[in-house]
Amino acid sequence: MRPDGRKNDELRKVEIKRDFIPSAEGSVLIEMGNTRVICTASIEDKVPPFLRDQKKGWVTAEYGMIPRATHTRSTRESTSGRIGGRTHEIQRLIGRSLRAVVDLELLGERTVWIDCDVIQADGGTRTASITGAFIALNDALYRAMRNGMIERNPVKDYLAAISVGVINGEPRLDLCYAEDSAAEVDMNVVMTGESKVVEIQGTAELEPFSRNMLDTLLSLAEKGVGELIKIQREIVKSNMLKY
Amino acid sequence: MRPDGRKNDELRKVEIKRDFIPSAEGSVLIEMGNTRVICTASIEDKVPPFLRDQKKGWVTAEYGMIPRATHTRSTRESTSGRIGGRTHEIQRLIGRSLRAVVDLELLGERTVWIDCDVIQADGGTRTASITGAFIALNDALYRAMRNGMIERNPVKDYLAAISVGVINGEPRLDLCYAEDSAAEVDMNVVMTGESKVVEIQGTAELEPFSRNMLDTLLSLAEKGVGELIKIQREIVKSNMLKY
Amino acid sequence: MRPDGRKNDELRKVEIKRDFIPSAEGSVLIEMGNTRVICTASIEDKVPPFLRDQKKGWVTAEYGMIPRATHTRSTRESTSGRIGGRTHEIQRLIGRSLRAVVDLELLGERTVWIDCDVIQADGGTRTASITGAFIALNDALYRAMRNGMIERNPVKDYLAAISVGVINGEPRLDLCYAEDSAAEVDMNVVMTGESKVVEIQGTAELEPFSRNMLDTLLSLAEKGVGELIKIQREIVKSNMLKY
Amino acid sequence: MRPDGRKNDELRKVEIKRDFIPSAEGSVLIEMGNTRVICTASIEDKVPPFLRDQKKGWVTAEYGMIPRATHTRSTRESTSGRIGGRTHEIQRLIGRSLRAVVDLELLGERTVWIDCDVIQADGGTRTASITGAFIALNDALYRAMRNGMIERNPVKDYLAAISVGVINGEPRLDLCYAEDSAAEVDMNVVMTGESKVVEIQGTAELEPFSRNMLDTLLSLAEKGVGELIKIQREIVKSNMLKY
Amino acid sequence: MRPDGRKNDELRKVEIKRDFIPSAEGSVLIEMGNTRVICTASIEDKVPPFLRDQKKGWVTAEYGMIPRATHTRSTRESTSGRIGGRTHEIQRLIGRSLRAVVDLELLGERTVWIDCDVIQADGGTRTASITGAFIALNDALYRAMRNGMIERNPVKDYLAAISVGVINGEPRLDLCYAEDSAAEVDMNVVMTGESKVVEIQGTAELEPFSRNMLDTLLSLAEKGVGELIKIQREIVKSNMLKY
Amino acid sequence: MRPDGRKNDELRKVEIKRDFIPSAEGSVLIEMGNTRVICTASIEDKVPPFLRDQKKGWVTAEYGMIPRATHTRSTRESTSGRIGGRTHEIQRLIGRSLRAVVDLELLGERTVWIDCDVIQADGGTRTASITGAFIALNDALYRAMRNGMIERNPVKDYLAAISVGVINGEPRLDLCYAEDSAAEVDMNVVMTGESKVVEIQGTAELEPFSRNMLDTLLSLAEKGVGELIKIQREIVKSNMLKY
């Protein structure tokens, strides 16, 4: 049995509080079980140097944790003076994933900064960040369109992410921390509203896995992402995501 | 008139959500108007090098902001690779203030880490941090006592903080950001449940001030801190703060 | 047609010069087309703090580039004072992949440091690093066994990696830089001698992809890894990899 | 009795050697007992980014210590690679205090850099820095006026600072290090030639204090600052500070 | 006897592989015994800020080591986050030496970046770097002339470097690591094709030395540099170095 | 003619104020013309890791400048967060030079920290640092002997340093900044009381030089160092330097 009594193909309870940080152009508090992340989207009127004069925009992400998001306190990365490898890996994943559903030319010479700050961590913080950040991003860009800053909302499709894994030989959906740290295989999948893959990152922590198992895990992930996107659709509703 | 219609000697609306981060020994979300800070307290079973073998403990604080706590996005201090002077100044103030109401010998060879993470900033973040951190600290230490880790709660007295300032010659209580940035004089006062001063930091941003004005500001601060401690008392109740 | 005239399912020319840095316990210069990486393995008689007293060892990797490995000179990471996100991501991937084929308990309380230094970069530096590092690692551990430091070689299986991608809708094996930067989909796959998956990292740089395409890419990768492991077997021969 | 036999309301011996670093626009060596600080003022023809095009100038300060200024050698902050919290706190205080007596519009788009380098530390280094830096600043700006760089000296009033504290319940003026480290209350006060308060920073290191005690300490500080400004007036004389 | 059986005035075996990194404007792998260094030269179309608008160029150098260049693995400087003093000293020496034989006005407003990356270290890495970098530099500038970027090759003379030292009272040429670490005196000499001195750095590691000994060492160095420049001449041949 | 009217073989005016920082075990303010350096020596009861359990001590040096030591203000190295190459080079030179005249075994498992802080810079700061630091070092060690910490003073010989250079073809002694920045050749020489060479660092900034010129410069340096050591002897007198 799973630590919280869920079935193997069951998501944790999901809650998305929109406009959680009212001063931001877009923001949510997303909760998936005990994992809670504040996601904000901020629009800046310039692009990074490598994009200058290319008539397109950029979406980039930063990821952090408050020190006591974890069960025992972690050192603050600002105090240690460097961003760790795990943080780098996660924020690059978030940025890449979101860019895949944004038309950067429609965005124009602007940067959308996505900030995902974990206030409680119980596994799946990177996937919750992506699912939540999508709403913050879409809200920010929809408002930019309403304010006349851009003509159309450059968001092209829904986007959500989920973790899957193998524990004691069993494929499971949406691992909590206790499961994640015991998993033989750990995989994060980012997919669109059309069930296309944007990112897949699978790791055999303990035991290399077969292509059959990979297929099983992908189906599980597809089911999970489907349910998350259903929740996103209800939040965003007809008047928002509009391409 | 004040930007939010308050009287000059009126606090903003205060809300303190206890145990906001359930995994921490003590935690709150404190909201004073639009200023919102997550405060956690974590107990570690060792002391910093300079206190080794002195049979007493330590209370220290760290302070951060999520990038979009401010009206326009600020750079993450972990990204810039260094903690700014303002952050240093604030976290030293929070730590010093809390140590003044903790019996460090009763605490034993332990460190209490206080983390104050601002999720929305509208002036008075350092004083809200102190007021909120007091509850997180007391909760953590009361529980440590209940668990038998320490014999008595080493918290000696209540502690709260408030800002006061002079705007257009008028003394005002609990400045919001718009007031703070226009103030001629800006002062932060930390006081105990017995109305004693723990910290006073007054700055003539624009205009040096008389000792009379200082006295007026102190009376205003004493009123504000009194109201905050009344709120703390209701939260903590009889069964908690116990020396 | 591909820039270098290869067929879509054809590897670039592979060369592995063993013991390229004679002072190291294991080392190779691996060349895949114009991508050239020096890989060394160094055995240290202690483990990182988080593994202390657990009677097992660790394999970790670092990755670097000489500034002129790229077409135009890149800034040295020691000069900029920080390791970039890409470097972090790659060195974590190399370490994780190699750990999957090492029996860490057999290794004992030792750390194997893998260093992959790219001297020329033309796409696929992370996968070439893994394929080359496997030989350096196995050589170092086989020698450790011969010297009586460990009883058996803790390497459990062969390990190699390759990139695959989609360019103009066509799946291709072993992308060079020109292809990599134009790819719609980019995927790195790490597999064992038994064709099991150790790592899969797929990214839709431009266009989300179907599960069918994922399957096609995996088959292509399996073919490529198979050929690389055949080369590894010839190098390592019977007397080396021995579990 | 005080360690050096002084009365409770008595300053240490003060000496100010003007033009100690002849290459600087303004400079002094200030000695208060065994505390010795080199203060220099340097005028730069540009302002920090946040002031650009606002037709006013800026005064900023940096503070350092040679490693052997303290009784046992301290680590150099350039070697540790980061500025400590105490240094940040002090240099912000010095800068803020001096800005309060400078008419930044008269200064024009220029920055005055104040550097305070402690060569021997026996308590009160931050207050000695402010008192000494005032002379360096005024000399630099008076000369700028004589050279025709600015029309009038933008210095509006004298400025000096002193520490006061409570030791064994007794209020004392101008604490040396031995007193400072034993003080129940420690306060730094910065005042103008008109006895107005520019900065007050009081800390209950051990024992929260009453508003009566605060008042007593302020009177003591006012006496001390008065004597320091008398010394400044003799140095500056009629032909210098001129608004 | 010397560890490798050489005579006291004998160089180690020298090999210079030209165009070792084909993507660079100039590059070599230089091997002197077991010391092996990759040197590249890259031309950039701008100068550092301190040379702006002075109608001349700059030559600068960076020096690194792969971690396992040494007998036991060294920490990567990018990982430690700072460049060590030894590295700084060496790269300043390389840059200064090369600038002495380049006509910076002929070079025009361009920077030549020299990168010396040691892949195996057995003493004399800084002198091998200079000798090798000279070829990389000349190749890069000769090609720039051929491409019409500059009119004439700004290289004015040959340049090579060698170490000499005193071991057990005996002067020796071209120390290997074992000799270097036991030397009483250690000296590095950089000279031109006309036997003029560009740099001399002599250190009495254990025993101050007489001016007579200095003279003997210089003669030994002159002999060594002469032989190196002979090798350089053969590589460069008539069609290259051309002033 | 030289900028300050000196003869080519004439030193600037030298003044050494002993015990300038009374809290240090040894300290001086050395002035050579307008170059002024505070040198302190501090004895610590441990050695760096690489010397542990070798029954010998260490002498190490750090070098800094107050920002306004130079004609225009320089950035503080603590602010920039890194020590520059020039600083690294100089502090390594000072440490190496002083170690050459100290019997590290007699010193025992202790470190002497030498700090050289330039308060005014007019050329020759590194050589003035060495000449001054010698006195601070000897004073510290003589006192350590008097206190019974060590049996004999481990200082073996006098040590001083001077710069020489070629300006307009003329060899000159003890260059000031104006000369230094125009010199064709710049050389620093460190010598003992017995006129032996400890360090020689010569650089052809503009024009490679002959061995004849090197000889002339060495003679000039020998004269200068001789005069400096005469001054040192008068300061140290018979009762101090004692081996």
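Order of writing sets the chain letters: A, B, C, D, E and F. Residues in each chain are counted from 1.
Assume a residue touches a chain if its C-beta (ideal position, glycine included) is under 8 Å from a C-beta of that chain, and two chains touch if they have at least 3 such contacts.
Since the structure is predicted, the reported quantities are computational estimates derived from the model, not experimental observations.
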{"item": "Relative to subunit D, chain with the most remote C-alpha centre", "value": "C"}
{"item": "Size of the rotation, in steps of 5 degrees, that lays the CA trace of subunit B over subunit F", "value": "120"}
{"item": "Furthest chain, CA centroid comparison against subunit E", "value": "B"}
{"item": "Homomeric contact subunit C-subunit E: same or different residue positions, threshold half", "value": "same"}
{"item": "Rounded Å distance, subunit A centre to subunit B centre (Cα mean)", "value": "33"}
{"item": "Rounded Å distance, subunit A centre to subunit D centre (Cα mean)", "value": "51"}
{"item": "Sequence positions of subunit F contacting 2 or more other chains", "value": "81-83"}
{"item": "Pairwise touch network: line, ring, star, complete, or other", "value": "ring"}
{"item": "Cyclic chain order when read starting with subunit A and heading to subunit C", "value": "A, C, E, F, D, B"}
{"item": "Complex contact set, residues of subunit C against subunit A", "value": "82-86, 88-89, 91-92, 96, 100-101, 157, 191-192, 194, 196-206, 208-211, 214, 218, 222"}
{"item": "For the subunit D and subunit F complex, residues of the former touching the latter", "value": "21-24, 27, 34, 38, 40, 42, 44, 62, 64, 66-73, 76-79, 81-83, 87, 113, 115, 117, 119-120"}
